Amino acid sequence: MSAKLAVLFLMMTIGFAMPVLLGIRGIDDIQLPNIHTNYQPEQPISYSHRLHAGYLNIDCQYCHTGVEESRHATIPNLQTCMNCHAQLVLGQSDDAKTNIEALRQAWATGEGVKWKRVHNNPDFVYFNHMTHVKIAHYVDDAGKLSKGIDCAVCHGDMKTVGVAKQHQNLTMGWCINCHRDQNDRQGKLGLPKRAPVNACDACHR
Amino acid sequence: MPKPPVPLFCGVFSDEDDTLEATKACREAGFEFYDVYAPYAVHGLDRAMGLPFSKVTWVTFCFGALGMTIALSGMTYASWWDWPLNVGGKEALPFPAFVPITFELTVLIGGVCTMLGMFAMCLLFPGKKALLLHKGQTDDKFVIALKKGENFNEQKAREIFTRHHAEEMHHRDSHYNAADEPATGGAA
Amino acid sequence: MAVHVYSVTREPLVVGKKTLHEITHDVCHSIEGKPSMLWWLGFLTTGGIAAIGVITMFYQMYTGIGTWGLNKTVGWGFDITNFVFWIGIGHAGTLISAVLFLFRQKWRTSINRSAEAMTLFAVLCALIYPTIHMGRPWIGPLWIAPYPNLRGPLWVNFRSPLLWDVFAISTYFTISACFWYIGLVPDLATVRDRAKHWLRKIFYGTLSLGWNGSVRNWNHYETAYMIFAGLSTPLVFSVHTIVSFDFATSVIPGWHTTIFPPYFVAGAIFSGFAMVLTLLLIARKTMRLEAYINDVTLDNMAKIVLLTGSLVGLAYGTEFFIAWYSGSLYEGFAFINRATGPFAWSYWIMVSCNVISPQILWFKKLRRNPWVLFVMSIFVNIGMWFERFVIIVTSLHRDYLPSSWAYYKLTWVEYTELIGTFGIFFFMFFVFIRFLPGIAFGEVKGVNKFARHDDHAHAEVKHA
Amino acid sequence: MAIEIQTGRQDDLADMPPEMRAELEVVSKSRREFMQVTGMAAMGAVIAGCTAREHYVNPLLKKAEGITPGVVYDYASTCGGCASACGVVMKVRDGRPVKLEGDRSNPLTRGGLCAKGQAQMWGLYDADRVKGARRKDGDATWDELDAAVTAAVRGGGVWLLTGTVSGPAANAAIAAFCARTGARHVSYDACSSHAVAAAHKATHSAEVIPHYRFDNARVIVSLDADFLGTWISPVEFAAQWAQTRDLTGGRRELSRHIQFESRYSLTGANADERFRLPNAQRGALLVDIANRLAGDKRFGEPGKHDVLPADLDRIVSELRAAKGHALVVCGSDSEEQQRLVNWINHHLGAYGATIDLRNHSRQALGNDAALAELLKALEAGSVKTLVLYGVNPAYDLPEADKFRQALAKVATTVAIGTHLDETTSECAWVAGDHHALESWNDFEPVRGLYQLAQPGIRPLYKTRHGLQSLLKWAGEPAGGKDYREYLKTFWENNILGGLAWTSAVERGFVDARASVIHNMPVMNEDAAKAADLGKVPAGDFEIIAYESINIGDGRHAGNGWLQENGDPLTRVNWGNYVALSPHTMEALGVKEGDLVRLTAEVDGRQAALTLPAVRQPGQAEKVAAVAVGYGRVKAGKIVHGMGPEELAYNQAEGAAIGASAYPFVARGGKVVFGSVSAAGGKERVARIQEHDSQEDRPLIKETSLGQWQANPKSGNEHEIPPKDLTLWRKWEYKGHKWEMVVDLNKCTGCNACVVACSIENNVPIVGKKEVLNRREMHWIRIDVYYDDNDGSVYDGNLTRDENPQAAFQPIMCQHCENAPCETVCPVLATIHSEEGLNTQAYNRCIGTRYCANNCPYKVRRFNWFTYKHNDLTMNLALNPDISIRTQGVMEKCSMCAQRLYEGKRMAALHNGGKLADGMVSTACQSSCPTQAIVVGDGNDADARVAKLRKDPRNYQLLAEINTRPAVTYLTKVRNRAPKPANVTKTHDHGHDH
């Protein structure tokens, strides 16, 4: 009898715990150790930054045109790719040929390319590329002041990376600590402390 | 390595006053106590045995102080040093607001560690086998266990026990467990 | 050295001249034999109610707080009312254990175990409400704890009374649980040593930690018990003080009141004792514990109820006086609105149950009549529930800007959840009295001397 | 936390262009993902490999020239919400308009935009639109429709019925259609102002509505003209009026505004002096005024009216004293009354000063006489083909029933419209029209001021511009091309006069008005005389069907933003009601919410409706007022309730919100008498404010002009300066410190800010059921209080005054420096920013609601549920700069943080980092027709906001609790009558009930 009761008791305990477990309905709301550093998904076309930005030395903003005017850096539209690949550049290696053929196919059919998003801030984070690239001041580790933050600070040196890859962890702590550092460094140079640290509404609104 | 068993001489009583008096008498007679067992806390029995005051108070004090330190330093660190924020126009270091949590953490850590410390001092832990010198010692019987040392005077012990209405007297050792005896009564 | 004073003027705490073994047996047989039909009935009924309550809570958490009747003006209603109510109920247990222990009130021994259990269950019930009252209960408990994180790290707001609540209540629950458990260990050892079934042996053997009644252990034990009583006493006062800070530190007229801490503590003791009375009177009747829960116990408890009830009445009066005396437009209105506004019915229920009904306890005869006490205790329970309702809802529903004034209407979800928590509470109580010794017989045995000495014809002073 | 974009059903997508569909699928993606995650099976996968969650980016194939994703582009355009044709700036982002704002450069409206104008975006995105060509019983191709309609319009007997069409090109297109087909063009306004034009034809030989110039007036007398709310061009009038109500910047004079009215209108609430006057007595009063002005009895003997002679003498002498600066306006539909008004204005020298007949208004061109002819022809069966363009006569004509029956006699009925409403659904053919925000158009609100409207989005569906359809059916060659071509050609030939088309488009208007207000000297005094004008018609109950400020004439009845807006005075939303004065209610034995039945014989037909009664203090006795515009049966999903499906206010299919009051509209301004009786039963009325007395609390501070001139702190003397006695050191705000000042003198309570805020900040609408639960989500609300100047005691809810004065107070988050809400949040979800704002991080919020409880201003709003849109397409109206808040999260006004940051960004890019005053504006500020709201950097001594904070009129709401709000108010100053003789108590009512 007691054994049965004990089992029953155990089951009731689990029963009470269930709503808590099921209550985790927004499981994706929970900040699991959601660090995506080095996230490098396989892309429909294995576009190489190393080749284009590194070897061919194409400027970042040739493709990511929005970076100086908009919140979004923007993924280039296919027309940008086709500027070169329509006629001139058809690829050297087999791999490149396949990829470029896929690109031309996407263009010809009008289907476009469904890129996998690499840097993915949550919906409630309003990061603005233009502010950081065009307006913000930046003091690097060597103490050199520049207007606008170099892409590489956050994205790493894409000239050495093949398929796009997340360089930093992009957590709130990472953002905030850079802001704090910059305020300290720029404060030392006599500049106003402009990077918002104690203002939620700078990013969350 | 289990300790070798200590030979004991036990007297079993059923009244707390008798036990208390017998304990006093044993102590006066110079017997060395192994332990005295009582089903409930009998006031004065510990002093009658000659036990010092428990040191568990120090555990409480130290851990309470630790709790207070953790609370104060943690809150100061978090809200003033690490990320001072303007919350409702109040200062980043609002000491009055720290009072409740400081108090609670002091009590929490002090209290929980007191309990753990007490169990540690008593060498109690889940799964420990309880050694009973008499089956009724957690019910209605009191047991005085005297060590049978080199100059143990059993006669004198028997005399004291009998004088104080001892119900039974046994020779036991410290590894003896009355719970292993065949059942003779107990619960229905 | 302890001094025992036995007096003819004192009435026995345990009647019927029980032997120690009889005491053990009386208490233990209820958890050793087969449970009665009555127990099964209670167990299943309360379990069913609890299950319905839990399902409703789940539904509410999933669908949204909108399933409650709250609105933009009244942001707290049943949820926090129930929370404070249960926390208040939870006060008597620790008070009986700790404060009465320190004051050497021996009559507490017969009720302290179940009162402490009641405390734990009430605090558990109370804890349900802050959890489910959150808009996002799936994330709140994670974020309310200060721990290093990747958000900056972003800590928590140590200025918020809600955070104090979290610490206060979790501390209170933990310390009460420890206190309760320490008290249980010797009794569990007794039950263990009486156990026949292997499962019971393991269960009670594990829980009793190998206790064997050694006086060396009793030495540490009693000191620790005393320390716990000492820690719990300020704790029990601090908890409701902190709960009252939820309101007292705010700016809402009717909440922003310095009288709240003592007022809340008195109210908590009041409601807690009333609930203990309710439970004990049931237990006494159904489990035939008249010998242990006797007229002396009832009389003493009734006196405390009378005292705290009158304190609460005084607090009501003081609030009105201060509201008038302060000359604050908003404060004055808040209290006139309490007594005459749309929620006046709840105010008058509160006053009649809490202040008027306990006044019958001035009569000794009524103090010792279990039926009168039972009915009165139910009244006080209801009244104290309404006290929290009055404080929370009537203050909120008409505060500073008349444009936002609103009424608060309850939905079935709120009723079901309230009933559900009562189900959970009594369900746990049923489980408790089935598996754990419901009376601290270790301590009862300690005061049993009264019973055995009460035939002494003279006052006797004994030095130990 | 992923803030989900709420989405509805997928099948709404079927008719959308593929680009838009693709975009929507991206939008709906997170929802689908959420569904997957909810499944317990997916839980393990999520926990095990959170990096495996893939998101996709689909860039466009081709670059859209000049458009960068994420950048907002402003386009000048003209509002198509009603015929007032206010200038707007369309904020277009990622190829779709996300917000409309008033155009500051527009010479008429100067930056304001009313609630209806802003909310018209709803009509663009809602899923109830006509998605192409239709026949009565289903879809059709454009070819089928064109063939059938072309044949029909060539068969003669064609009538074209439109609303007010003011644009020159549009009128040219209509003229071309009429010329080719021999069609007769009739235009009408559901709420007609034709009497004004007809009266001017009689008195000034010009059948036009003059352009009123309230800004030139020192004394304004309005007889039932709700010119701040609904009359002719309210946004423009409000801007003009506000100019005369400005006491900042050294101005020390106010205009004097006297209102005589039967119901309590928004304009009446803003008047300096207000008289209750049943419509029946209006003629008598006019005659009385005119006689007193003339000094003889030349207009006959005035009947008995309620205004005391002493008051009238005073007002007449004030008018006389303000000769040349006085203006009398009248909302009457009676031509005789309007003629007399013209005489009064003429006598007061208003023509040429406060009334401009030369640059006359073209905002209400409806011609009731022509409409009557059409109705007669319909009745007679002589109409062979009826083309309806953007009108809904089957609903909004008083004779709607008759019209619907007569429609059956018409061989071919063609409707051009955007929605399947009561009329279009009855027509044989429906030519789906572009929404106003999808189409090119032109307007001429005032003669000589030509405005352009340009599309902000590619047409969402296979619709066609209505005017293009007309041209096509007429066989004009322009009908084959996009209407833009026709418009451009017409403007180039007739209007631009050498100005480049692109610069006209860029600016949005061409101003060719005559620069001098030209006086029309001719005044036919005899025309102002009418035999019965002074007579007071007798009857039982006077029934008034009025245009409400929220829904207007009913064309926007399917608009959730507008339905959710509370009436400025009764604060009732989601439905109309019978407004009755408190004493009338007592006499009838009805209480608030009791159903009341109105019946009347109007123009020979029986009209009846049953609606709940609502108490309206200050309304004339024995008058029942009902708003038109409600009771629409076919206005889309919204009329069947709103909000998440499980919460929807369930109404029977086909049941409408409220009941139509159009049948109670009488032609020619006749007074409608009928009976009012309790119908038995009750219906809960949803209102967003239930208590309308201030309870003697100093919330809206008010003073009179005289007192203010003597003491600029008057009315504000009791301001308790927050003491600096504090436990805490004060925080310093070193950079910007955002502050807001609301001038209560200018706020008219029009609700434009409420809608602007809702659209800008993605504030959900919750529907009637949730409003009944008091859970509206508005971040800004406009409180209204009646003053208790009879000193009545607190009686539970409402003021007991007979003719109380009402005042408005917009309340949004006050951004307190010592914010009570911040202290109590356990998780730091709401803290103070270094720029002085009270910020709320939704993603941090766990929803304890403690902050809302502790907010003395009750401005915080909790997401009781997940408020998702019923229509997937409505998600296009969401502002991408603002998170969508999920269930269980607290939200509130952020002082438009996104706009403040955008302003700072613009300052950094274009102004060397110096934020000039005016570079930032909040949504409420930029929508306000009277510019009552000023936002700026309080640390900038040159900023207007900093100056206004030093104004003696400035006060903090609930200053004594020392919250130190960043939002402050300026005392309301009324230009009160020298001595208060206007309280006309008819009987004692102070007893208790």
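Going by the order they are written in, the chains are A, B, C and D; count residues from 1 in each one.
The rule we apply is simple: a contact is a pair of C-beta atoms (placed from the backbone, for glycine too) under 8 Å apart; a residue touches a chain by one contact, two chains touch by 3 or more.
Keep in mind that what you see is a predicted model, and the values were worked out from it rather than measured.
With centres defined by CA atoms alone, the chain at the far end from chain B is D.
Counted by C-beta pairs in contact, the busier of C-D and A-C is C-D. Chain C and chain D have Cα centroids lying 56 Å from one another. Once the centre of each chain is set as its mean CA position, chain A and chain C turn out to be 53 Å apart.
Per-chain CA centroids place chain A at a distance of 43 Å from chain D.
Centroids built from CA atoms put chain D at 79 Å from chain B. For chain D, the set of residues that touch two or more other chains comprises 1, 820, 822-823, 825, 828, 831-834, 844, 886. Each of the following residues of chain A touches two or more other chains: 25-27, 29, 198. Chain contacts: chain C has residues 136-137, 139, 152-157, 159, 161, 163 touching two or more partner chains.
Contact residues on chain B toward chain C in their complex (touch as defined above): 14, 16, 20, 35-49, 51, 53-54, 56-57, 60, 74-75, 78-79, 82-83, 87-88, 90, 94, 97-98, 100-101, 103-105, 107-108, 110-112, 114-115, 117-119, 121-122, 124-132, 135-140, 143, 179, 183, 186-188. Per the touch definition, chain D reaches chain A in the complex via residues 1-5, 30, 33-34, 37-38, 43, 46-47, 50-51, 53-63, 68-71, 735, 831-835, 837, 839-844, 881-884, 886, 894, 897-898, 901, 905, 908-909. Residue ranges on chain D touching chain B, taken from their complex, read 727-731, 816-823, 825, 828, 831-834, 964.
Those residues of chain D whose C-beta lies close enough to touch chain C in the complex are 1, 646-647, 689-697, 699, 770, 773-776, 781, 783-785, 796, 811, 820, 822-828, 844-850, 852-854, 856-858, 860-866, 886-890, 958, 961, 963. Per the touch definition, chain B reaches chain D in the complex via residues 85-91, 94, 96.
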